[in-house]
Every structure is written in C-alpha cells, then in structure tokens.
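Two complexes come next, and they have one chain in common, chain A, joined by chain B in the first and chain C in the second.
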Partner chain A sequence: MGATVEDAIRVQRKAAMSVLAHADGDAIARCLGAIDLPAHTDLREPENGLVMVRGRIGGDGAPFNLGEATVSRAAVRLATGEVGFGYTLGRDLEKARMIALCDAMVQSRALADSVEAKVLAPLRAAMLADRARKSAEAAATRVDFYTMVRGEG
Partner chain B sequence: MVTVAELPAGFADKVLSAQSTFRSVMDAMARPGSVQRIHAAPGIPAPMMHGTAAIALTLFDHDTPVWLDRTMSATSDVAKWLKFHTSAPVIADPSVSSFAVIGNAQNLPPLDRFAIGSNEYPDRSTTLIIQVGSLAAGPAFELTGPGIDGTAVLQATIPAGLFDGLAINAVLFPRGIDVVLVHDDAVVAIPRTTRLAAQGA
Partner chain C sequence: MYVAVKGGERAIENAHRLLAHERRGDREVAEISLPQIAEQLSLGVDRVMTEGSLYDRELAALAIKQARGDLIEAIFLVRAFRATLPRFGATEPVDTGTMQVRRRISSTFKDIPGGQVLGPTFDYTHRLLDPQLAEVGAPDAPAASEPLTAMPRVTDILGRDGLIEPSPEVDADAAVGDLTREPLNFPAERDLRLQNLARADEGFLLALGYSTQRGYGRTHPFAGEIRFGEVEVEFLAEDAGFAVPLGAIAMTECQMVNQFKGSATEAPCFTRGYGLAFGQSERKTMSMALVDRSLRARELAEEIKAPAQDEEFVMSHSDNVQATGFVEHLKLPHYVDFQSELGLLRKLRAEFFTAAGAEPLKEAAE
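What follows is the complex of A and B.
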C-alpha cells in the first residue's frame, strides 16, 4: 500500500519535472503567482555548475564526451517537511528554485492538486501546443520522393 | 524521503558566510591562541557545534576526505549532512583524512593515527577540529611560536594528553598536525608551529 502511494508520487514528480524543465522561467513565475505559496526555506541555495554532456552518433555509435553544459540546482523544504529538488539547464537560479518548490509541493497531499491545476496543466498545454506548431511547420516543408522504376515493373 | 526532510539547511548566504568564516579561521591560524568568533549561522546537525558546522561548510569539499569520531558518527545525521552540503567523502581510516571532526575530545585517538604529510607535501596532513567544553575557563597553557608576540595564554578545557601529544610537531616539522579548537561560535587554532607548555610548569 505504502509502496503504491510512493510510486504514484514518483510518477507525478517525474511528470512535473519533464514539464518544468522545458518551461520558461517567467512562465513558471507567472503560474506560481496564481497560488498561495506555502512557507518554505532553502535547504540548498540555488547554485550554478557544469555537467558533462555525453553524445553518440547514430543508435549504435560509441558514446563520447560532447562538452560541458551549465546547470543550476536548488533544494527547498516546505514548513510541513517535504523536500523538493530542482535541476535545470542554464544559469537561471530563480528557475531552479521555483522547480524545487514545485517538486516539493507536488509531494504534499494538500497542495498537489492546486499545483497540477494552476501550474503544471497550463505549462504542459503550452509546451504541447508549441511542439505541435513546430511539427506542423516542419510537416509543411515535407517532400515526398518517388523512385522511378526503370524497365518493366 | 523522511531522512532528507530532517536534514538541517546549509548557509543561508553561501558566499558571504563562507568568506567570513574563512576569515575567522585564517585569523585564528595567524594568531595562535587568540579566540576568534564565527558570525555565520548555518543549520546544525545534532552533536555539532555552531562553529564546527560553519567550518565544515567552508573548508570541506569533494577533495577532502573527512573522518568522524564516535560522537559524530553515533547517528548518520552528521555524515548525511556533510554529504549533502559539502559532498566530502566520510572515511573510516583517519590516516588518509584531510580533516578529522572530534565531537568528544576525551575519545581522541593517538595522534600518530592521523596523516602528518610528507616532507615534499607537508600540506597533506590531517587538520583536527576538536569540540571542547570551554575556551575561556579551565587549565591555562602558555603558547609560543610564529604569530605570537612573546607568549600567549590559552585557557581551555581539553584532555590532559592532547597538548603533550602535539609535542611531536616540534620533531616532525615541516610535517605535523594542525588543531582547531571549537566551542560554540568561538575558535582557537593551534598550528603545527606553535609550542605549548602548561602554565606554571
């Protein structure tokens, strides 16, 4: 029983992170403005760092070190005890802190629903709309090639 | 999940707090026997004192193996806190540690169990951070050496054998062991160049 609740929370956190990591810092701030933020403290001050990005050419290419990318991270604890972590590409410290705050709120039974409704849902909708627009733009330039078959088919 | 939730925070202001703590420790090292104050206010895991926690956050990192005595490692709180905030490896063998955190000075192992560095690299030695009951009362010691004009007097409640053990610093130089005594937010350093004698002896 306990395991399933934890699993559910883990799935929710993963889903939240995949939305927040792609969202714009200003957009997250706007959405967070719509809800009453709970009391919280910084467990780990937002900070910048580097991570090595690994790449591979083709599905079966050998992995190699592509280069380093800047990341920001933060950890936030709510007054009720939930701890959230935020990692994001780039040097936006405030975004890392907001992601950590959202991650903590997703784990809180009392706050999870309002975060989902007022922060995650709009951001997810915006992200999906943006993706759909981009793939529509790409689809418009699609070219179909036909192979002319020589001789008798 | 629960274990992380109970973890005390680090410095509220990383850069400035670490700078001011570094300054206090540096002044303490430059003027052996003088009592310096640590002003930064970090979160503190259970058996640690204010000063010890601030020094740990300032000086420890992933390159500095840390050894904890029995008082500090009684629960995993301190090790977890160090790991989260400093990413310093906590090791079981004091002879390869950069820092040793001693919660109860009565349980201090013999000093030859710590690293003393080599003649080529005397900096590869263990710095002992020892929590003591008081740095204002207790037996008096007379300190001489670089950074001290004549002699300085230090009053501290420390176990009798500790300062006798530090006599090896005179023989080993440039190798040796540096000691930082901490009581609450007060810090006194006894670098390896300082010679000690019980007052009145």
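What follows is the complex of A and C.
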C-alpha cells in the first residue's frame, strides 16, 4: 500500500516536472506570481552542467552516446520539510530553481492543489496546444504518393 | 614542429580588434541578434549543435555570430565551451518511436501507418532564387489539418515479419563507449563508431556516403525512413531517485535499409545503417546511415576494399575540429623547423653539384 502511494506521487511529480521542463522560465514565473510562495531554502544552489544524450542503435537497440546537452539543476526544501528537485535542458538557473520549488509544493498536501490550478494546469494547456498546432501543421503536409507503373503502352 | 615564438603582442591585439570590427561589418546595417540566428538560420544552428556535440541553440547561435558564419570555427568554439562545464551523467536512451513528428517519409513503402508527412522540406522546391525573400515580409501562415496519429518506425514494421535484421541487443554489462573520455582504439565497436559519426563533419560523411553509392563499398541502400521532430529526454537523477524529465530535443533519424545477407543457417534478411543527429539534419543523418552500414563490413564478413569500409580511416579523419587544427597549424610560425630543412637542402645540393663536377650556383637567399 505504501509503495503504491509513493508510486502515485512519483508519477504525479514526473508529470509536473515534464510540463515545467517544457515551459519557458518567464511563463513559470508569471504563474508562480499568482501563488503565495511557501518559505523555503536552497538545498542545492542552481548550477549549470551537461548531460550526455544517448540514442539507441537502430532506434530500439543498444545505447550509444549521441552528444551532450546543457542542463540546469537545483534543489529546495520547504520550511515544512518537503524537498523538491528541478532539472531542465538549457542554462536557465532560475527556471531550475522554480521547477524544484514546484516539485516540493506538489508533494505538500496543503499546496498541491493550488500549484496544479495556478501553475501546472495553464502550462499544461499551453504545452498541449503548442503540440496540437505543430502536429496539425505537419499533418497538412501529409501526401498520398501513387506509383506510376513503368513499361505500359 | 611548431616552436613557440615571443613578440607580436601588439600586432595580435590589433588584429583581434580589426577582426571584431570586420565581424560587425557596415555599422549602418542593423546588428544581427542571437534569436535571429537561432530562428532564421536554424539549419546552420542545427549543424553546429550536432558537430559541436552540444545541444544548446543559444550557444550555437552565439558561436555562429562570433565565427562570422564560419560553421567549422563555430563548432570549434562550442567544443571548447563544453569543456568548461561538469557532466552530471548520461540520459536514458531516447525513444525515437515516440517522437512528436514534424516530418516523416519512407522511400520503401508508400502506404505506411501514420502516412508520409513532408513537413518543412526543401524537397520538391524548384531551387530557383526567390526575389521576394530579398524584401522584408511575412509568409503565409502554415496550413493545418487533423493532428497526426501514431507513427511506428518503418523498420519495426519490417522487423515483425523477420524481413530485416533486429537492432543489436542491449548488453546490460557492457559500458557505453565514449570517445570524449577514452582515446580511440581499433577495432572500434558500433556504439563508438556511431558517436564518432554523429560528431563527424557533414561534408566528409556526405562524400564517403556518396562513394558507397558509386561502387566503393556498395551496400544497395534505400531510405527506409527519415523522421524529424521532438523527442522527450529523461535523466536518472540520483538525488531525486528516479528518471526526471528534462524537456524535449529536436532530432533527425535515418534508417537505411540495405542489401540482404543470409547463410546456410540464417534466412536472408535486409541489413541496416543508422543515423541520428540534433535538429533537422537530414543530409547528415542519411550520410551517417550510409557510412554506418559500410563500416559494418567486418561484422558482416564483407570484403574491405573501399575507404568508407575502413573504420580507422573514417574515424581518424571525420572530426573537423581535429582536422582543421592539424591543417591550420601549418600557418603558425615554423621558422626553426624550416631553417633546419633549409640547411639540410643546401648541404644536399652542394653534394649533388660536387659529385656532378659542376660549379654550384650561388644561392640567392644566402
């Protein structure tokens, strides 16, 4: 039972992190402006680094190193004890800190609902709208090739 | 041999100042911004990220601006930058099957599940210069229709019937080769070869891939599938204790389907070559897939007789930062080296003329 609850929270945290990682730092900051932020401290000062991005041979086989990407990471602790982690592609340190803060709030019973309503929901809607738009633009370029039979006549 | 020389500090400083002036160009013309480069010269940015081996659009744009549009110089700058940051680790291997596709074509099947999606492509353009682009103006908004459905990889479809060889299996015990950490040794395994090819100069791979098509290590390729779009990336963060999402990276993947192999014990099936790169890098991934396949000659017991099949030749000369370093170092002062060669040459000439019984000509430079 305990493991199941933990798994559910982890799924929730990953989903929130995914939405936040896709968002602009400015957009996250605007959303967070609508919330009374809880007292918190930096557990890990935001820092820049690299990750080696891996692909798979043939798309689904053994891994290989494709190349690196810049990332930022941070960790915060709420005064109430929740610890949040922030990871994102790119070099926006403040974005990493805000993701960590949101991750901590997602784990707090008192704050999870308002983070969902004020931050995650609008950012998720924007992300899905952006994806749907790009997909619709690509779909308009879908073709039906037909093969000309050679050697006729 | 290059020998360090002293002096010339003032000249060097002034040369760099002149370089900065020339980079800016006519000051009456508006200065180019990094977002302009990232948005409007995006394929150049993709190439710098791929060969610079660092996914960061803004840094690649900065490098292109600093290098005055010289992409190999920009790649050099990006490579140097990556040495300044710590590496946190490696991502989980990305799943290109779940790519948010913006382009996906197959030259082997016209009716593939998900369809042929042209996306933003130069294909089928007439390659006529467009005078309208000389003027400032907004193009039409893109057309839209019902969003795309799932896009299985063409090679997965072929694989279901056993018509194509499976990808090499994951060996949990084997470390993933990394040529940024260990020096190259030969023979090199396919993971290292693919890392090398991913960073390799596009022009070099293009020429090698072309050579295989013209008969130097022929592999009878078909473009089984080319796809471009965004792929989600996750990183196993030790502090968090699970794989955290990092966001999405734009990538191009090319699956070449090549001539079949078979034996007394194995049914014949198509073989494959694989290409993967950051951004929209189609020529690069196609060339990479051709060369990946030709470099499998040893593994597939093919006769090795063409440059594109020789992994030591290919991998040792594919990196344009290494290549440009060695070629361009020739312009640095080699005065001492050259003086000793000059002395030796004069001695040999004197011996030659003495042996021939002729009067040596007075050396003009003496």
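The working rule: the second predicted complex is superposed on the first by the 139 of 153 C-alpha atoms of A that agree within 3 Å, B and C clash if a C-alpha of one lies under 4 Å from a C-alpha of the other, contacts with A are read in each partner's own complex, and residues count from 1 in each chain.
Simple rule for what comes next: contacts are C-beta pairs under 8 Å (C-beta built on N, C-alpha and C of every residue); 3 or more make two chains touch, one makes a residue touch a chain.
This is a predicted model, so every value here is computed, not measured.
On the shared subunit chain A, the superposed partners chain B and chain C are arranged side by side without overlap. Note on chain A: of its two partners chain C and chain B, the one contacting more of its residues is C. Of the two partner chains, neither chain B nor chain C is touched by A:34. When the two complexes are overlaid on their common chain A, residue A:18 makes contact with chain C while staying clear of chain B.
In the superposition on chain A, contact of A:67 is made with chain C only, not with chain B. In the overlay built on the shared chain, the residue A:58 is in contact with chain C alone; chain B does not reach it.
Of the two partner chains placed around the shared chain by superposition, neither chain B nor chain C is touched by A:125. In the superposed pair of complexes, A:117 makes contact with neither chain B nor chain C. When the shared chain is aligned, chain C comes close enough to touch A:138, but chain B does not. With both structures placed on the common chain, the touch criterion links A:8 to neither chain B nor chain C. In the superposed pair of complexes, A:44 makes contact with chain B and with chain C alike.
Closest C-alpha contact of chain B with chain C, superposed model: 7 Å. In the superposition on the C-alpha atoms of chain A, the part of chain A touched by chain B in one complex and by chain C in the other spans residues 44. Contact residues of chain C toward chain A in the complex are 49-50, 53-56, 58-59, 82, 85-97, 100-103, 110, 115-119, 142-148, 153, 155-156, 166-171, 174, 176-180, 190-192, 194-195, 198-199, 229, 232-233, 235, 237, 239-240, 242-249, 251, 253, 255, 272, 274, 276-278. Touching chain A in their complex are the following residues of chain B: 1, 4-7, 9-14, 84-85. By the touch criterion given at the top, residues 6, 41-45, 47, 77, 81-83, 107 of chain A touch chain B in their complex. Against chain C, in their complex, chain A makes its touches with residues 10, 14, 17-18, 21-22, 44, 48-71, 73, 75, 85, 87-91, 131-147.
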